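Each chain gets a letter, A, B, C, D and E, in the order it is written, and its residues are counted from 1.
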């Protein structure tokens, strides 16, 4: 199990498309939401890979696809050499023991009817670990200790804890199976800053102690940069840039990364005043109908007349470990191309940009009304 | 702004600050439950063209303060005390009619969640024009033209088409812009923005913040910016009031505050935020516990249980007496008996996080 | 002479003062309006106003009296009846009433074909005359009808029967207009899948000679409107209009009368007699002409399983002794009700005073049961729901009291409730009950109409399935002899004998004769209650 | 440092140690328990519960509470058409139309009425929930088939459905219960399915899957228990409906054929015939039905509130 | 929108097919079967056999079903065994009454329920509120038939203000064109007939409308309470709109969305569920026809009426969905 040289997790050409269904009797597929559309990445053992991007760009879906919580449409997920996508039934269940997940909403991810003890012992029992009743009990206490919760918490229910504590419970549950890989989907974005810092510290501490490998998903670039070794930037289902976190900050190559970076406010007036701002035009286009060519061309301040609109850029390695998918990355880096303002971009692109979330929920009032308790006579 | 929009008691004066809040307190008293004091003696003022920030963790009373200013708290089960003056006119206790005349025209508000703050069954256009019709006595047609201009001004492309659309057809950023357009419809003198960007992506947040910034510069509107994001405060506000458990615990100009936070709480907040410009691995030094761990102010300093500087005098022996908000140098006020000390140099601003006495874990 | 008659009719029409409109509450819609296909009370209630038969019923009584026949003669052998008809009578459509019209009707019935021959269509014809021309297997007692002259009709039978001619007073044998019958295709019963479809005649054009003409039938509003026949040959009706309105619910009927929306109704609950009277309404009590009995299952119906204990006379006697008829009569039935000792009312010829009686005596009942070794016998006791019959105003109450009586005497009761029509009748008449409640209102004054209906010999030497097809040859013979006896006095004696035999055998327990009532508003006069529930409204008037 | 200072110092340390600790109090309050607590504080709930408990008590101890045999036609010989003996010595509410003690019948009647309500609701709930679980757990075509079936049942108005079933099954109290139960089935099925579908999409189910918890355990250990609260609420409300519906069926003559057995609905509908004589015969059972139905409804509504996540802290 | 309607109409097909199978099976499963059901008082086994042969009931069951289906498609549900007229005729004659009654009941329930629910919510916690809540609970708890008697006793018998049964005073000789009596009265300018028909709707309408009334009051109240706490109402207030505008445009409009669904559902239920009320008020509608059909075992009518009512019910719900789409832009279907 120790093929040290190899990355722990390798994702190749991963695609997840959700069918959009509509129909009279039987639902026909009329299109696809390309939530993840061809992602390659690799995570080395013991390191942290941070994934950032705007809401709806497919980060969560990617994370879930790795765990096979959603079925990938295409591509491979190699975990420690095994293709997760090919596993079935019991084999998959066993494999999941080694990959765990921490969720964004700490309350929602805990069954409100379970007390902490039952929450923490359930995975152990499901996998036949922990060695009997007493073993499980000790293990559960260890776990609580590891995440800094007192044993008094055992008898309590999720709603009785504060947000940070709930997230600790989520983390304790995730590490209960001693996984190799921990996927954290926005683990701190629902928390207050002070609590957020506590959880970030806890994650880092656990990584050191247990030698965990992390895939951390967040939309907060600062958090990602803080805890990641390598950062990947996603836009509309694909990676646009990937680099060691220092390199990415020092020299973002992709126009989107630059814009993102410039948009993150820094709690320091001095920096804020100096900072150049690249404003993007409009919103994220719908993943059901992504733009042609470079996905970003509709909002890109550096968009060129050639190539951008029709040629899909590939992820190129510009510097060691620094990959970027932009036709003009070098020119932009070298300052050969100058950005245009958001207004100009908007003007050239028109307003064809359809926002996400426009899809109306088709509501069957007959069905919905009746799902409520009702009186009939 | 038209004369009719002014209250009959006399024109709002321009020689006083746009908004003066004095000793504002809000108590929620639900039947059968212990009354809770959500806001407790908050005072601040905002001048025209000034941006004032209210920061603090969730539940510290920021929104309640803003709602109390706007007179939007429910009547039942809420006690509001103190004084709120808009251009010299007292708002607390003012009749509903007066408040309605002022709201939207003289003072406006932008809320956190742009989706739920828009009526889902009414087209955007109507929601914008109704303000104009109400406060600026416009006809329907006129209002529609004006509304389109407003939407254009806040950066919504193709405004005439958008006017006919419903909120769910707009993206998050556009919804927030639409809300801002409504707030700006009558060029109010005071704009309160309650976490206007929290629900948005960073790139959109940047767009909105830029918009607000322009607004303050261009029209001299007084802006109260409520947020828990210290980064936003750093980029936007002139003065910052840090709140904790319903009280202001530190007030300072933006530069001062970030350079030399005095309250351990402020320091802790700054030390908790991972910074984009700080390297990987620099440990964060969070405050322990959470906002739930506050003690009542009546027993002393509510922050004491989480504070590393806490000393025995942070708790008072006389029930009801609390740690006061006191002058702490020019332009600064502080509510702390054992503030952080800083080396006199104000230079190394970027490392302010590390000056906070690190503890936690 | 016909001139004089019709002139008189015209005069009568002109002289009749405006009698107003009467609204009468009925329990259900008529099934249709052609009485030849009718068998239920609501159909007949309407028919009786529109139609007349050769014979009618004595006003307020049960005896047959001449109606469209002025009089009649019977031949010596009792097989040939000569009817002398009223003259100057016209059907509502202007067709002349005469002997040919009479024979047209008799021939019509005899020549029914197809669906019209099904029991659900022509029940009374089959009950009185037997088979049809089209069903040679089933003998018919009808042979022919001959119009010997304009006003004389001669009807020949194949067999003597005591039912004839009294049965001719039944509305089913009303004389209808041949023109209308033909024009509106009266015999053309069609049927799809599982129901009869009546021809236009029966739905829209009933045409008779009676004091009222059919005006309209509004099914949605449950209303049949009849108007005065101005050309009536006899004393014209006083009412301008008679509306029969369907109100199924008894309470609603009462409240509507109290509210003044209707002027009268039938099927008055015994409990209401007093309070209605106290309110100044007129409760018109009919003389009892019915019998309520508790039928036993003789256990011989193929495909059914009755409790064998009932074959033992002692068990049957125990049941009879267990029932407290006096309390039933005094507590459940209206004033004027009588406990019954045999299966027909005392007013019918053939009633015997000296039959074996079974008094209320629980101890004796228990003792008999013990002797029979049948203590705790479980009896499936059937009773009807959703119905109120003249002899059984409240079946549920009756059931509860009798069932309590039987339980006290040591039986175990297993109740079965079924809606009256068709479920209850079907179940009971196919021998599924151990014991059941049923009764009978006489159609005309004739003993055979009561006991013959119940106990006459059916196929394979057994009684009807209702009484579990018991076999008692002496009863069968006695009844057959009596039915075929042309001499009235002898016949009466024979029927008395039959009654004695029946009460010795005890195929069921006769319980009571109950006087049903109608109620009308204070301002209604002239309504004569009929023991046959066959009121005619032509004498009724209503004052403001 | 003064002694006072020491005390305060200690207090600070204590507070500091407690910051970030789990809250104090008895703790271990599950949602059900906390819902129950809220319920106990709600006067409406208490009123409902008291009503329900009183009637359950009456039903359970009917033989001891009833002064007389509810079947004995003791005063029958005094009954005359148009006269029913009223209150008198030993008959506090008088007799009914067959001379039986009205009070005793009302007391015994609670048994039958509650039994019908409970049995038919339980039956309807069990079958409905089985269908709901089937649809909610498997989704896909199973869901489609089950839901279409439910749609079919739903498209027949409930009273008609009950009537059709009693016609089919003949008239007995089991038919009555089944008839009422069938009308409840679709409600429960839809409710549970809807609620399960909502739960299925929730994060904790995803978490359980990620943890490798087996499918059966996810459905029965997590999704189902969390989907039950609307079902419980509906169950309570359905009890009221079932009792009323039983009364309606009795009124339509489709009730229990053993009408001697006291049951409020049947008592009410027979009493309609004696309204002019003794209106109390109808008023008492009607009151019983209304009050019990009200009790269950109050309880159900307060349960709904207590279980509503909106009110959770 | 059209697509949506077509889709919903097509969805009706499997429901109706399933329903027809169910009803067909039900009819065959009945004790005695259709022959016994149709034949009158003293039917002999021979008569039953004859009958079965006559109507093809001796054919295999699926042949019978297909024939039944074939005819049902042409709206031929056979003939009522009670009246001898086709089921379709009966239905067309009875439905207008029920529609009138239902409309009246719903107008009553909506007209009283929505204002009452709104007031109760606005005066949350007041005696009016408690009264409305308790009243609405009672409205659901009281057996309809009992209420009907009470109403009639009071308004028809004691006070004599309103007619207590029927669809129209029988003494009025009204012309009927459409069988909607009120409409007929208006069409033929027989004003008194129209007025009388309307009066006849009052008591049964109120009895029938109590349950929807109770439900509407509760839902309106709950919904208004929810909506006044919505962010957009706060926004509207923050915009300084007049209290009236806020109420009209932002509160009531949104609060009525869930109410409208309820109204639709209830209308559907009433159209088909008025058995008790119509019977008690001797009101010649579909409900009382069904009641009669039950007790006379008129299975053709039961079967046909239930099928047609199911269609009505589903169609009403379709209408509800469509109108909901019109009211709420979020579910507007393209």
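The working rule: a contact is a pair of C-beta atoms (placed from the backbone, for glycine too) under 8 Å apart; a residue touches a chain by one contact, two chains touch by 3 or more.
The chain lineup, named per UniProt: A, B = Peptide/nickel transport system ATP-binding protein; D, E = Peptide/nickel transport system permease protein.
These numbers were taken from a predicted model, which means no experiment stands behind them.
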> Comparing C-E against B-E, which pair counts more contacting C-beta pairs?
Replying inline: C-E
> Of the other chains, whose C-alpha centre is the longest way from the centre of subunit C?
Replying inline: B
> If you average the CA atoms of subunit A and of subunit E, how far apart do the two points sit, in angstrom?
Replying inline: 52
>> Distance between subunit C and subunit D based on Cα centroids, please, to the nearest Å.
In response: 49
> Quick one: subunit B and subunit C, Cα centre-to-centre, how many Å?
Replying inline: 91
> Counting in whole Å, what is the centre-to-centre distance of subunit A and subunit C, each centre being its mean C-alpha position?
Replying inline: 87
>> Quick check: what residues of subunit D touch more than one other chain, meaning two or more?
In response: 20-21, 23, 158-159, 170, 244, 248, 253, 272, 275
>> Can you pull out the residues of subunit A that are in contact with at least two other chains?
In response: 148, 164-165, 198, 360, 368, 370, 374-377
> So which bits of subunit C are touching at least two other chains?
Replying inline: 251, 386, 419
> Of all residues in subunit A, which touch subunit B in the complex?
Replying inline: 54-55, 148, 162-165, 192-198, 200-202, 204-205, 219-223, 225-229, 245-246, 249, 259-273, 277, 279-280, 282-284, 342, 346, 351, 355-358, 360
> Which part of subunit E faces subunit B closely enough to touch in the complex?
Replying inline: 124-125, 230-232, 234-243, 245, 249-250, 253-254, 257, 327-330
> Taking the complex as given, what residues does subunit B use to touch subunit D?
Replying inline: 32, 288-290, 292-293, 295, 304-307, 310-315, 317
> In their shared complex, at which residues does subunit A touch subunit D?
Replying inline: 64, 67, 69, 93-94, 96-97, 99-101, 103-105, 108-113, 115, 122-123, 126-127, 148-150, 152-153, 155-157, 159-161, 164-165, 170, 173, 177, 198, 367-368, 370-377
> Can you name the residues of subunit D that touch subunit E in the complex?
Replying inline: 148-149, 151-152, 155-160, 163-164, 167-168, 170, 240, 244, 247-248, 251-253, 265, 268-269, 272, 275, 282, 286, 289-291, 293-294, 297-298, 301
